[in-house]
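Shared between the two complexes below is chain A, which pairs with chain B and chain C, respectively.
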Partner chain A sequence: MTVHSTGEAPPLPQAQRLFALLADHRVLVSLVALALLPWLLPSKALAVNVLIYGVVVMGYNLLFGYTGLLSFGHAAFFGTGAYLTGIAIGRWGLPWFAAVPLAIAASMALAALIGTISTRTRGIYFSMVTLALAQLVYYVALQASSFTGGENGLRGFTVDHIGLFGAQVNFLDPVNKYYVLMVLAAIAIWVQSRILNSPFGAVIEAIRENEQRARACGYDVERCKLIVFMLSGAISAVGGCMSALHLSIVPLDILHYQTSGMIVMMVLLGGARSFFGPFVGAAVFLILEDVVSLWTPHWQIVVGAIFVVFVLFLPKGIWGTFLDVLPLARQRR
Partner chain B sequence: MPNYETRLRRTGISRRTALMGMSAGVATLAMPRLGRAADDTIRIGFPTPLTGPFAAEARDQVKCAELAVKLVNDKGGVAGRKVELLVRDDKLNAGEAATRTLELIEKDKVHAIVGALSSAVQLAVNEVTRARGVIYVSISQSDTINEVKDFSKYTFHEALNPHMTTAAVARQTIKKGMKVAHLVADYAYGHEMLRGFKRAQTAIGAESVGEILHPFGAADYSTFMPRLMSLRPDVLCISNFGRDQANAIKQAVDFGIKQQMKIVVPVILHNQRLAVGPDVFEGVVGGANYYWGLETQNKTAAEFNKAFRAANGGAIPTDYGAYGYSGVGSLLQAMQAAGGTDTDKVIAVLEGLQYDLTKGPQHYRKCDHQSVQSVLVLESKKKSAMASENDLFAIVASDPGADEMLRSCGELGHAT
Partner chain C sequence: MDLSLIIMQLFSGIALGAVLVITALGLTIVFGMLGVVNFAHGALFMIGAYAGLYLASLTGSFWWGLLLAPILVGAFGMLIELVLVRRLYGRSIDDPLLLTFGLSYILVEGVRIVFGSDGIPFPTPSQLIGVVDLGVGFFPKYRLFVIALVAVVLLVLWLMLEKTRVGLIVRAGARDPLIMRVLGVDIGKVWLAIFGLGVGLAALGGVLAGPMRSVNPEMGTLVLAEAFVVTVIGGLGSIVGAVVAGLMVGICISMVALFAPEMATIVMFALMAAVLLIRPQGLFGLKGRA
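Entry: the complex of A and B
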């Protein structure tokens, strides 16, 4: 973007203004970058996955990066969003645009439940409680097989056409699918930006920096934690809805703790505390997996080694480090 | 604001390095776009779990599928067109398999998909292919895929299904009035096998004395064994797959279960028997789609073994490997007869195709596209009876394929 200005010369005022402009319109800039994605990546299916995981990790980042709560159970919200979208379309016969809000609302309710229990604890106990409760959701989905398809996964809700303003759009076409799903992603990105720009966004960052002090300032820390937990769960659930519409199956693995672990890895890779970092993390992680596994069945060695290198040398993640190197951005990110 | 030098020292990244890194990144992304296959090639997508607990079986499947493609290409291809196999690692994960299948269809423009090695994964692949009208030949056991809910005219099932396998095994091992106990892996595969065994034993007139479920991937079976022994059954059916099978049988033998009852498995796995050794498996009976030792009584098996040995340095093909060969082979035969890749024509040919690739005649039943084929029942040999390192099993029975072995079309929900 503004690479030309990283040199020896003192930064140009125009460049600084340009960056400030970009930072002020981060939703728009993110959307332009994401709109180009399908044309840059090796396949459209991969681009959709980057979009989906980007949204999930972005929602997670609200809790982890901005509030400082390390949840290890976000697969529960990702999975619930996906399962309810599928069940609402396949079993209850709802149209997709009704199924999606329903699934998000249900995931938010689940987040309220899990959040009420888990935000009473802190540190490693918080991580463990979220992990345990998410596993509970996994086993419910496994056992209620007449409802969720159990081990075999949820099937039978393929959305092949979508009515948009009277026109029928072929949803099986990968390009159409990407841009339709991007509308959902765009709403999630805008909501996330609004939350962070609001006074509430400042409060959660204050809690991250010093919980005692935030409490002393008169903020109801417990209530804020619960609200941010619910918002985070709801935004991650948007990714789940997108995943269900994209794959037209919901695999049981979506609720597995490995998915939660992958979300944490992606946010660390991209950079917690940065707005666009989650998308960078999801993209790098998924591209590495995709491209390297085409070359060799021992792709895990390569991907693992690269991940270790990133964690050791770029503790702020790829995007966080990039913003650090950029002198203009240091003031505002 | 720190100057350039301090910044360089702090991050250790100069502009030049960053630019080099970025161009390397762009080049990496561009790589898969280069070297696309010429457009008249017939491309077969092959998703399979090259990593994970079923990797050994998956590698055998790939070797056999590659052999099937090579033999066809050596004879000039299908209708004059070369055939290419695109192998993808599905990581034994249904979501990953669906994504890979989408990539194969949308980017690589494959003409058909063969593969997958788990009930959940094949159903995911099937969901993607049937929505897009692409032929899919599944080569892993499942009863669900035959049922009307998951079936489509594009779905073909080359593997045996739990119903056929358990019925054949039960016929050889369970007699009227016997008491039967079950140890079952608690997931789709185990449940389907249990259902098959119970149905077969009811028909025979045997009595079920108990079922114990164990979690998928369990390492410790010691708590189950005393409970199973206290049920005093004549036969113990262990319905699990891969490493679970080897671990469960090993621990059952340690507890002295074999002195008390016969151990029976729905599918006896070549690779697991190799991994554990003859003493543990001695006397265990199970079903199989293929065993290389069939070559002494079957001409097709002898030819298949010969071709595989020539291509793989004298190694022998395994049970799950043979699925890879017959799955790809039958599809290519149908394409040859249809004179190309036109989906409707290939389906019409497949529905009437009589093929004999690994072990005798096979055909796809019209209503559910299940491959009607022979089922082998094998007994693991004791060490002193083995003529060579690969002489693992004795063939107890080879039931020729017949429609009566399958659940009826009506029962599966198909119009009859």
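Entry: the complex of A and C
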């Protein structure tokens, strides 16, 4: 957002080349921006939260922004990633580097199940079904309290040291914690970029633009939707793993539909259909929550009002609108 | 387990289902006519319960609350349509959904500011306290009243939609708003009225549910999920579907509560998943819509 001055200058070929270069290396550029984040935000804890929610929302954006499927149940995958990480470490005694892939695989399996049912429906139906099925996951976690801790959330696992290849990192230090978690985020960002750059990435955007035509071109639209649902769930689950490692508890609220709603709000604030928008959205939402809750406990009313304004007047979000203002950026996202 | 207990549970399932029918009906009528899924429907249900409670204590009579809350909240719904939802017709189908979702945050938090976060008990009206002996068991008077009132409302709605000129315009407007415009009907006014009617039904559901559930700002969340399940099972936009699915879900919840209480909230979602696997458009839904 600091490069806004380039928007006023006439589109220079040089600037265009620079932007194309940045867009071609969007993974690297994103990582540089995220690496600087702890030093730009008022607290390291806020930076960690932006990182975690950024990854969750990025995974969600694969489904909503790029494929055009408005799910209201992504908390299910965020939460399953977190719960399974915690359970694998605390109950089964697995090391963190085994717990994380396990949790991601489990979330992907859950996404396959929910996706199979929900992708049979279209449009608004899809939103309602994903919300209902995610609420089902919430109530199952609430009832299976011997396994999940029920209403009290999952406790009893603490990650204070991260050991890998013989090196031990003190995970209680906030700066160390941020950069260790950023490794997981980096992998997720790289995977997301690869998916979007692949032919499959082109197909899902084609489905968003015109489902009938994509089908007429010979693509199995239903299968593509299911696959993108699973990939999206898996990437959002990475954020869940990060959250469990970060907090050493998993609150039941992580599975609640309000969490799904928060993810939707973040992606719209930042800008769906843009690669870095989810991180901008997560940052803006969390900073807003921090600032507004300083002067009123009813911060949700302010956030809700801002969200309504965005839906009405800025449907492309902050980052998406910014990219539109840049005349040279139109072709590359 | 004796038979009268099962019959009584079946009966309370019908009462629960009746409230679900009224609530889901508001959602499904607005979708059927306007193509808008009102995500704030649960929040407006909750506001209906609070409005009923407040008006009842203000006037000293439950009946005034029951009568005025749906009218006032329905009028508020019309204001929402006029100021906010109207701007989004013709835009992406997701936009009204997202807008009303943001609105639900504002409404829930607004109620918290005015009434606080704690639950408030909603007293059963004095005339309806107690039970009635129907031969097979003792039924709470209030639940009998809920079932009767919902039946009357359904009948009135059905007569209005099927037998009057207004109903004809509404049904035709749902099929083809453009032709209605060409014929000189101000379809914007029809949509405004329908949105108000949908919100009024949500509020009526809220007042009726008040004495059966405790009234708190979060009560709309579960109701929204329940109303979604009912409309998805019944078929979005189908009035018959909402009635059948609402009763089905209500009965299902209370029967399961009898045998496995911890499964009661889960069973309706399982029912929805099963229906979707067989009929993605819902039991009474039109194929093209799902």
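Annotations for the structure displayed:
Keep in mind that, in the parts below, the second predicted complex is superposed on the first by the 304 of 333 C-alpha atoms of A that agree within 3 Å, B and C clash if a C-alpha of one lies under 4 Å from a C-alpha of the other, contacts with A are read in each partner's own complex, and residues count from 1 in each chain.
What we mean here is this: a contact is a pair of C-beta atoms (placed from the backbone, for glycine too) under 8 Å apart; a residue touches a chain by one contact, two chains touch by 3 or more.
The model shown is predicted, which means the values in this text are computed figures rather than measured ones.
In the superposition on chain A, contact of A:268 is made with chain C only, not with chain B.
By the document's definition of touching, neither partner reaches A:200: not chain B, not chain C. Looking at the shared chain after the overlay, A:190 reaches neither chain B nor chain C. Applying the stated contact rule after C-alpha superposition, one finds that A:172 touches chain B and leaves chain C untouched.
In the superposition on chain A, A:129 makes contact with chain C only, not with chain B. When both complexes are overlaid on chain A, the residue A:152 reaches chain B alone and has no touch with chain C. In the superposition on chain A, contact of A:300 is made with both chain B and chain C. Of the two partner chains placed by superposition, only chain C is touched by A:315; chain B is not.
Comparing the two complexes, residues 300 of chain A contact chain B in one case and chain C in the other. Chain B contributes residues 1, 3-4, 7, 11, 13, 15, 18-19, 28-29, 31-33, 50-51, 88-89, 93-95, 98-99, 102-103, 106-107, 119-120, 123-124, 127-128, 131-132, 144, 149-150, 187-188 to its touches with chain A in the complex. By the touch criterion given at the top, residues 31, 37, 84, 87-88, 91-95, 97-99, 101-106, 108-110, 112-113, 221, 225, 228-229, 231-232, 236, 262-263, 265-266, 269-270, 272-273, 276-277, 280, 289-290 of chain C touch chain A in their complex. Chain contact summary for the complex, chain A toward chain C: residues 70, 117-118, 120-125, 127-129, 131-133, 135-136, 139-140, 143, 257-258, 261, 264-265, 268, 298, 300-301, 303-305, 307-308, 311-312, 315.
Touching chain B in their complex are the following residues of chain A: 3, 6-8, 10-11, 40-46, 49, 150-153, 155-156, 158, 160, 172, 174, 243, 247-249, 251-254, 287, 291, 293-294, 297, 299-300, 321, 324-325, 327, 330.
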